Amino acid sequence: MKTDRDTATRLLTQMMQIRQFEDKIMELLAKNIAEGGSHLYAGMEAVAVGAISVLRNDDYITSTHRGHGHAIAKDGDLNALMAEILGKKTGVCKGKGGSLHLADVSKGNLGANGIVAGSLGIATGAGLSVKNRKSGQVIVCFFGDGATNNGIFFECLNMASLWKLPVVYVCENNLYGMSVSVERACAVQDLTKKAVAFDMKSDCVDGQDVLAVRDTVAKWVDYARNGEGPSFIVANTYRYYGHSRSDPRAYRTREEEKFWRERDPIKIFSNRMVEQAILSAEDVKEVEESVTKSIEEAVDFAMKSPFPEPEELYTDLYA
Amino acid sequence: MREITYRQALNEALKEEMERDSSVFLLGEDIAIYGGAYGVTVDLWKKYGDARVLDTPISENAIVGVGLGAALTGMRPVAEIMYIDFIGLCMEQLNNQVAKIRYMFGGKCKVPFTLRTEGGAGRTLGAHHSQSLESWLMHIPGIKVVMPSTPSDAKGLLKSSIREDNPVVFIEHKMLYNIKGEVPEGEYTVPIGVADIKRTGKDVTVLTYSRMYHFCMEAAGILEKEGIDIEVVDLRTLLPLDMETILKSVRKTNRVIIVEEDCKTGGTGAEIGMKITEEAFDWLDAPVVRVAGADVPMPKSPVLEKLAIPDTKRICDAARKILNK
Amino acid sequence: MREITYRQALNEALKEEMERDSSVFLLGEDIAIYGGAYGVTVDLWKKYGDARVLDTPISENAIVGVGLGAALTGMRPVAEIMYIDFIGLCMEQLNNQVAKIRYMFGGKCKVPFTLRTEGGAGRTLGAHHSQSLESWLMHIPGIKVVMPSTPSDAKGLLKSSIREDNPVVFIEHKMLYNIKGEVPEGEYTVPIGVADIKRTGKDVTVLTYSRMYHFCMEAAGILEKEGIDIEVVDLRTLLPLDMETILKSVRKTNRVIIVEEDCKTGGTGAEIGMKITEEAFDWLDAPVVRVAGADVPMPKSPVLEKLAIPDTKRICDAARKILNK
Amino acid sequence: MKTDRDTATRLLTQMMQIRQFEDKIMELLAKNIAEGGSHLYAGMEAVAVGAISVLRNDDYITSTHRGHGHAIAKDGDLNALMAEILGKKTGVCKGKGGSLHLADVSKGNLGANGIVAGSLGIATGAGLSVKNRKSGQVIVCFFGDGATNNGIFFECLNMASLWKLPVVYVCENNLYGMSVSVERACAVQDLTKKAVAFDMKSDCVDGQDVLAVRDTVAKWVDYARNGEGPSFIVANTYRYYGHSRSDPRAYRTREEEKFWRERDPIKIFSNRMVEQAILSAEDVKEVEESVTKSIEEAVDFAMKSPFPEPEELYTDLYA
């Protein structure tokens, strides 16, 4: 795919939004302004942004416990997302979901999930629905390397392949499921081999390169949209922060972290865009500044928002 | 009125709802070509084909997850889990996803999803095919739990369940599929959440549901001859419970027996009994009595299986005892 | 006596039992290098290595099945399920296999298997990381269910659980890991199935367990100043229930409040309350009262989360009300 | 492996025991003497008999809902098994288990299972136990083609491969899981591909040829015993009867049934033994007659045995 100035700006903006959003959450967690857990997406921005950038507005995604990035990339409202993470009434789920349950069905985000591999069924069922409704939509289902060891992952891939559902399964392989490395958790190291069990097409992509992700996912989204069936893409990536705030990261080395930080998806992309003269250094700076402003606004909005009223405890349970 | 079986009544409900609404579709193990382990979906695949009657792999957790995904995106799925004994395989999706998603999303979605399954003992199938696990489900806010005892309720409640915009777990009973009963021709529904006083009486309120309802009616006949007049309330829906109907009956008879097939400890009778005790303590002339299943896995042996669940004699004894007769 | 945390007490129990019996080993997600999501198994992997402290893939159903297979064939596994919210993924293996296998096999095997997990709200983690699902487990004959509230009980009960030849589900509470309490040096155990009257009182019996015990003790302090003297019974084991201790207390105070964190409908209080009503109706001056969690998924928002579970004020109010004060 | 006269007699005896046992159960079901379901192993005898014949007495097996064959082959007592199926006190599980739960831990049979794929965890855990105890035992885990679609199947294969456990996973591919064909249930038709997802060794064998099963399983049992890890074997076979008594077998043709009945494992084996002069035709006849006698005895024993006493309802729950 060709990258024009508008596209480049959009991709860069989203990646920077995610990065700054996550850095900000880390700050709020440290200050105990944000309570509860938040699994941060920093370092992995190119996967969500690249993959979602090739979708139609009415296409669906499902997300994970590490879901801020997907939510932002799927046209998420920064204010409403930030407010949700703080448990505020103005949050995208009225403060009832929180970081682990960010969702916006109206925008095609079928939700983050507190359960590892917990969204695989939803994505697959959405695929079945799309196929039955002949609506031409596509579903991109995100999950981690760790999720590929849970039973429902296999059950869903089997169904999707059997029924040729329009689902693109995107495995964000960041080398660890919490503390357990792929090496210690998966009997195969090349995760695309898992697709062999279902005769499903598979692919592998550098998850730090947003354009590579974009190209690869575009190919399989087309494939799905053409009714040819599902696919399984492994995007190799890395999370910068620990699994959660208290994680001392004893299971990985500082060298490894350094190696990956040097492969920063935002740096790689912005450098390339400047090199190719699609964006100027000033453009990049401008994007960064405007993102900073929007994140500050989001924090401000969220902090000033009220908590839900006590009566809200009992609403929204049944339709 | 015409008489048809519980199985036929369910089959009619499915057929009518599929006819009425093209977003209704069925998925489950062996429901298409085979027509379901207990024959409930028979002939529907012939009529509607793979797109609307879908045989699935043996993947219970995915079946529920897939049903949810379809429900969230414009369909009205009816999934079948062949035995409630297998529900443990999909409790994660049912409890965490299906039941909670609307609340977690701040009400911004709906989940028109019916999960059919069946339970209960009586065919000496052993511990993995005879359970009554409805009390687990009563403890899941966000779903509704329906357990019909007669063909006409089965049909009317299944139609209501399919039309619901909330997830419903609809639990049939393996010993009821062949029973016959009057079922009106043509369109009708039975509302979810409404208990049915199937026999009025003045001496004791007997609360029950599913197969045990029939045992209670048998007991009512026997007791009647002894001058004991029990009121048999078929709960039909366990979540939400129809406390209005229950309490009205309790205030009339002042005595309550709950007859349930599941293991007593932590069973449905615990919640029902406690609710009554909380809300009508002063109306009770005696403690609420539970006639319930034994706290053991279901034994295979036919003699032990019969002992493991309530029977008419135990119900009669309980009624006599609560009346000091 | 020395004071250590609940977490440290659990860690000591594991270490001592591993030291004592080479057939004891641990398996679970992130329990080795990481030391467990809540740090309970910290340093054990360094000491015992992969053979005895095993990081597993994220495969909850298999973790339980594998534990069972090891228990049946000469080992004494202690598995960890990181959050009880994930128990739905392994309910099939737990309910159908672990709990039933001995009975189904006519008693010809034993299952020395401990399944550790943790539950409860309080960290605003939302609906998938805050549940209290112990009432499901109470409804599974064949297992025992233990829920300690203090460091010393935690240690003594975990040691007993590991030595049991029956499966035990051992449920910790995420808000208790950091609490400190007196724990004896050296070897001791606390028996499973025995409740503990942690505060004697004459006016009301308050039955509770796990984190809610601490709320009850706080309430006791407040109420004491008002001249209300509650007896706080820490149940410690939910299955089997220590009805002897419970009934003795009830016959003394004639009033019962159950304080439980789980969703009220179908929760543990239903069974406990019904058992008391059945067995001590004539001793009760008032209906058994439940102070329980709200029947909703756990909301994220800190303000709603607090409202969703009992607090000291609600316990005090219940005590005042049951005494008409 | 060479087949001597003793071995041949033993294999033939066990296969005939299973066949006649199952035919007899079918009769008892038809007469309503046996109550409840029984999934019959007739047609598949070569798999259980061939596989278990290479095991040590202290090796373990796990079985399935179609478990009579495995139980008999693992040194099962015909009387106690028949009595169990009738729910009698003298049954191997005192009448508490029944057909779906035949087990004899003392003989290394860790049990049939009412749950499809329900034994996979037990087998894998036994493998872990053996590895830790360094006892040199091996586990053979039986399950059907349908079971290979359930989440726990994949979870267990991953663990076994990751930890190099001494478990031989034997998939009895009889083309159907109840009524759903492998074609309609599995996205791959060559089930050995499922092992690829776990870098597990796999093999495929004619499940109607007891000697082929024997050779193949022997190879992988040795592999496991040598500490080299697990394996996944697909044995192609067929069940003669319907899934359960009431099954009209609408999902398969009478031609297909005929085809497979012509590949009868007992006929194949006895013919070959006679051809190779390892057994005479009289030997075969003798075995058959003695088996018939033992089955009749078993039925007699079972029918004359009492049901459990009422008190038995509450025993054996806790140790």
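Couple of notes before you dig in:
Lettered A, B, C and D in written order, each chain numbered from 1.
Throughout what follows, contacts are C-beta pairs under 8 Å (C-beta built on N, C-alpha and C of every residue); 3 or more make two chains touch, one makes a residue touch a chain.
Only a predicted model underlies this, so the values are computations on that prediction, with no experimental measurement involved.
Most remote chain with respect to chain C, judged by CA-atom centres, is D. Once the centre of each chain is set as its mean CA position, chain B and chain C turn out to be 30 Å apart. Between the Cα centres of chain C and chain D there is a gap of 40 Å. Rounded to whole angstrom units, the spacing between the C-alpha centres of chain A and chain D is 46. For chain D, residues touching at least two other chains, in rising order: 93, 95-97, 101, 113-115, 118, 149-152, 155, 158, 162, 184-186, 317. Counting only residues that touch two or more partner chains, chain B has 56-57, 59, 61-62, 85-86, 89, 92-93, 96, 103-104, 126-128, 141-142, 296-297, 299.
Taken chain by chain, the contacts link every pair, so each chain touches all the others. Within the complex formed with chain B, the chain A residues making contact are 60, 91-97, 101, 103-106, 110-111, 113-115, 118, 120-130, 132-133, 135, 151-152, 155-156, 158-159, 162-163, 315-319. Contacts from chain B toward chain C in the complex involve residues 61, 85-96, 99-100, 103-104, 126-128, 133, 135-136, 138-139, 141-142, 239, 262-263, 265-271, 273-274, 277-278, 281, 286-290, 295-297, 299.
Residue ranges on chain A touching chain C, taken from their complex, read 35-37, 84, 87-89, 93, 95-101, 113-118, 146-147, 149-151, 177-180, 184-186, 247, 250-251, 307-308, 310, 312-314, 317. For chain C in complex with chain D, the residues that touch the partner chain are 25, 51-52, 54, 56-57, 59, 61-62, 64-75, 77, 92-93, 96-97, 101-111, 141-142, 165-166.
For chain A in complex with chain D, the touching residues are 149-155, 157-158, 161-162, 184-188, 193-194, 196-200.
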